[in-house]
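Next come two complexes built around subunit A: one with subunit B, the other with subunit C.
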Partner chain A sequence: MTTIAPRATTAAVPAGRRRRNLDQWAAWGFLLPVTVYLAVFYAYPLFRNIDLSLRNYTVRSFVQGDAPFTGLANYGTVLGDPTFLPALVHTAVFTGASIAFQYTVGLALAVFFRQRFRLSATLRAMFLVPWLLPLIVSASTWSWMLNSDSGIVNTALGLVGLGPVNWLTSPQWSLVSVLIANIWIGIPFNLVILYSGLQTIPDSLYEAAALDGASAWQRFWRITFPLLRPVSAITLLLGLIYTLKVFDVIWIMTRGGPTDSSTTFATWSYRLGFGTLLPSFGPAAAVGNLLVVTALVFGLVYIRFQRKLEAS
Partner chain B sequence: MTLALLARRWRTGVALLLTAIMLFPVYWMLTVSFTPEQDMRKSPPDLFPVHGTLDGYRAALTEQLPYLGTSVVIALGTVVLTVALSAPAGYALAKLRPRGAGVLNFVLLAAQMVPGIIMAMGFYAIYLDLGLLQSIPGLIVADSTIAVPFGVLIFAALMSTIPDELLQAARTDGASRLRTFWSIVLPMSRNGVVTVSVFAFLWAWSDFVFASTLDNGGAHEPITLGIYHYIGNNNQQWNAIMATAVVASIPATLLLIVAQRYVAAGVTAGAVKD
Partner chain C sequence: MKTSTPRRLAGVAVAVTAAVGLTACGSTGGGAGAASTDYTVWDPYPQFDGNAAWTKLVESCGDKAGVKVKRTAFDTTDLTNKVLLAAQQGNAPDVLVVDNPVVSTLADAGVLAATDDTKIETSGVDPNLLGAGQLGGKTYGTPIGANTLALFYNKAILQAAGVDPASVKDWASLTAALAKVAGAGKKGITFSAIGTEEGSFQFLPWFWGSGAQLNQLDSAQGVAALTLWSDWLKAGYAPNSVINNTQTTSWQDFAAGNVAFAENGTWQLGNAKKLGFEYGTITVPAQHGGAAPVPTGGEFVTVPTQKDTARYATDQKIVSCLTNPDNIYATDATLSYVAPAAAVQQKQAAADPALQVWVDAVHAAKGRTSDNLGTKYPKISEQMWTAVQATLSGSKSPAAALQAAQAAAGKG
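Then we have the complex of A and B:
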């Protein structure tokens, strides 16, 4: 690790050590602000959250800070809650379907944009717009587009003799509605990452395959897809971690409703803690911690995977 | 040759069509923002704002201007705090070989995986004790947690490309580490400063989770809450809602045009958007 060559003479050892100690002090001097910051603004809120989930909080005891310790009772409450199973299923469906569609569409677009044509770079940049817009902007735009009576989507469906669909107000469509909006938001991210992955595949491979008479379809499945596997894995894992956290889009469009039909762990946790007049912070924190654990498990998989990639 | 040219033209055509489909919601937001109120529920709706009006923008600017001002202050504050915290840390990780760097790197990666809503709950409990709820500094600190880990990792990656010989030369000339950082490392990391600032600004500007939990009902609310209250209160005035949405999208659009290179670099280099 250190590049300063250790000297052989005994007299130089203490000086070298002092020097290295000084280096360490300087290094940690530069790291001190961020370390304190991480401890105070990451570790402590997370610790408070665990503490919240282990006590029986009411609004009164929340302010006074004398809530009794109740162990895992909040977790029991949450697991036994009739919302638990729907929230679990919706989180899984929302996350799975989001990343599947975002990845597929993103990859198809990346392959398309890798071809040479005019305006390619400009149009690719314009694809980033949905990802950069504030989520409240995207979510409210989609809300209006999916409006049952005056939305453009139902108008378009009407032209081909379908609908109208109560996108946001019927239990069977609300999850689909938030999924559509979330997929739209996530496509640019997938496109950019996969596009940069595609650029690492040498052109000569495709030229050789074309000479051997491989069709475009074969070239994709025999060259592009296998060589892109590490980038794909990273994209999907990041998509997974990112989608587990999605809260804004769902809350703004449906508030998890109607009757829990689009509730995920993230919106459920928010509703318990902040969405009602009588907040139940304990169960809210318990749901939140289940979400943290899930996100961190996939996060560890991601970090391990990336380390392995860097090592190879 | 002509066949190849034709294929290229054809691809440009397809690409334009795909972009149009992808950006249709953005176009629709613009159209609705110019639509007069009486045409809002017309069926079928006009695909162009034929009787375009600025009523929506007039309403948006008279009612939402304070929210926009608050958002600018919060976003700029977040940028300053994020760069001030993450640039020195990036320098140390890249060049000073601190013991425990591996652990810190790991913590920074893991920190980005914690959902915002969980952080918000913890912050709420702490701010309640400290009396920082509904305050701008409180929101700036909370918003910076989205960007600081990203910032440190970007700075570390960028600063590690600065040649060691250069820093060694500065030391031989008697420059202290602080001086080296300030006069050599930081100016050479201008790209990193821009990238980190762009993302810190955008994330703070777009933040809804922290705003709605820590600042709801406060005297100074950011624009995301402005739009949120708008939707909740008068869901008839969609031209004003969409006009506000358009105005709230201006920073993102501007940054995409002005700093496109940095935006693309940030997405791929870190690949760490929360």
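Then we have the complex of A and C:
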């Protein structure tokens, strides 16, 4: 740039304008790839999904491409469906309980691993296994373990004298079962992020607190927890979005059943769109959009929280 | 030189984007719809790779028709949506092998060409099998083979429990046999009652065997069929895990050697030879004796509609080659299916007498979309498997579950 500056000042005015024009073109050129990428991979699919949810698609009109515009009729169908309320409750319970347990256990383990002891690295690596396994493997393994008749869990319960539980096949337990599996899968993610967050808290703070006579409990609540707040916020937000859209684990273990007892919005949307011989794309897209909106709302809440944090 | 670097980069970026954009547009234009000498065949047999007999057959049928054929295999649950999407884009395959209950849905969507237009011969096919491919008086394909359900039994368990398989003639005698087996400390029967189409497929022999009809799910006969299943679970004759069993996991239970009977399909015959015990098969009994009507499984060879109708002549040649008696005999041997035509069935039974039970079962079989149900079937089926799940998991009585199912199915 140093070579241009004198030339720019000595040159006539039009030349400078041309330069500015060229720079602007270059700027647009740089912007173009990401714009195209966003348009092709985000904006268009989203638009298509909204469009799908506003039309009455039958298999025939899907192929012919002449589905009539029906406004919010699909949303009406979805809201009035007997599956809606159970799916809403299950989604809330599944998401809420998953994140609560994943975060608490993840944080406890992270604090535990902060005290460097022998084999702590090995042990920490082993805790990552659930995260590394493909979901189909972990979900299938869980469904074998929880099998009513030949599962290891019921065998173990039998040894201590407890009756067999129909984990996956009774309406009372199916949601609990998929919840247990999902918590197990999500803990390593929380552990890793929170553990790296803990590394950023300077040791000197703990030393000072220890000198002032703070107990371990006080050190956690007065130092670790407040200083970890930004990391906690992003962990919870990511956990929320991941959990809202959890599909594989539930589908493999229970298919959302028996009779909707473990159906969430994610599995319901799939079932509407692809789970029967006759797809109903409109309502499926409508349920999908409800999920997108929910995730968006929590995303905005996060941004607000972050602003507040920066301001303070 | 220093100053121009960012701008040159920008130029490259623009060029790259333009190129990406162009290829993206280009790829949607291609495919099977374009008038080319390449013909495409889609099938739901991902288990057959490039060296499999089926693949070679498809290719040789193309050679005989004077064209090059490209075969693509999909997972069966995936195939319907792939075909719908392809049809929407105007590049459906030339020949499509597809699961029979889907045929009427695709035909209703205008995706398939009727055999009147494609001149595909269907006269030799058993009418009860062809029924699954008919809608509104037109036929939309020809079956490549049929599979269906029967009861496999473990000879050793029945002997130990003192049950003569020949005595199982109706529901009462079957339940009595299950009670004896349970008394001897084994499980009586396993089946698949999962909340998908598989669950409905497995329930249908009992549902139809009671005399119930699909357009009236909550009839007294329908309730009797569901009560039969739920009583087996309550009495412990059937394991509770049937609620989540697919037909494959149910077979694994049977193969483990702790269950006397298993309701399963023709396609397991290959695996049955690998069992560590002796087995036999009987047809699924109807409520008051005789063979229950069983649903037909198996695929249809169809021709999706093409803009360029001149392709039908070649498509017809490929289809007739794939479905001529010799080729069907070979294909059905690898798929472990019963042939759709009487002449080939006789040849199959002559070669392997054990197949006779299955040939009989296929004769008593009925298409799920038959009785002119067509596209109503998927909705009825979804409600039916939901009712089965509700009852077996104990949340509703058979009558209440089927009433709710009928109300929901009737609305659509």
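Definition applied: the second predicted complex is superposed on the first by the 266 of 312 C-alpha atoms of A that agree within 3 Å, B and C clash if a C-alpha of one lies under 4 Å from a C-alpha of the other, contacts with A are read in each partner's own complex, and residues count from 1 in each chain.
Keep in mind that, in the parts below, a residue touches a chain if its C-beta (ideal position, glycine included) is under 8 Å from a C-beta of that chain, and two chains touch if they have at least 3 such contacts.
Quick caveat, the model's predicted, so the values are computed rather than measured.
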Touched partner set for A:D149, first subunit B, second subunit C, both or neither: both
Touching partner for A:F127 - first (subunit B), second (subunit C), both, neither: first
Which superposed partner A:L309 touches (first subunit B, second subunit C, both, neither): neither
Contacts of A:L72 with subunit B and subunit C, given as first, second, both or neither: neither
First, second, both or neither for A:Q64, with subunit B first and subunit C second: second
Which of subunit B and subunit C A:L277 touches, first, second, both or neither: second
First (subunit B), second (subunit C), both or neither touched by A:G256: second
Of subunit B and subunit C, the chain that contacts the larger number of subunit A residues: B
First, second, both or neither for A:A210, with subunit B first and subunit C second: neither
Partner chain(s) touched by A:P33 [first = subunit B, second = subunit C, both, neither]: both
Intersection of subunit A interface sets (partners subunit B, subunit C): 1, 3, 26-27, 29-30, 33, 62-63, 65, 143, 149-150, 274
Subunit A residues touching subunit B - in the complex, by the definition given at the top: 1-3, 23-24, 26-31, 33-35, 37-38, 41-42, 44-49, 52, 62-63, 65, 109, 112-113, 115-120, 123, 125-130, 132-138, 140-145, 149-150, 152, 155, 158-159, 184, 187, 189, 192-193, 196, 234-235, 238, 241-242, 244-245, 247-248, 252, 266, 269-270, 273-274, 281, 284-285, 288-289, 291-292, 295-296, 298-300, 302-303
Contacting residues of subunit C [partner subunit A, same complex]: 2-3, 6-7, 9-11, 13-14, 16-17, 20-21, 24, 77, 80-81, 84, 87-88, 101-102, 105-106, 108-111, 187, 194-197, 239-241, 243-244, 253, 375, 377-379, 381-382, 386, 389-390, 392-396, 408
Contact footprint of subunit A on subunit B as seen in their complex: 8-9, 11-12, 14-16, 18-19, 22-23, 25-26, 28-29, 32, 40-45, 84-86, 88-89, 91-93, 96-99, 104, 106-111, 113-119, 121-126, 128-129, 141-142, 144-145, 148, 152, 164, 177, 181, 202, 205-206, 208-209, 212-213, 216, 223-224, 227-228, 231, 238, 241-242, 245, 248-249, 252-253, 255-256, 260, 263-264, 267-268, 271-274
Residues of subunit A defined as touching subunit C within the complex: 1, 3-4, 22, 25-27, 29-30, 32-33, 36, 40, 58-60, 62-65, 82, 143, 147-150, 166, 168-171, 254-259, 261, 274-279
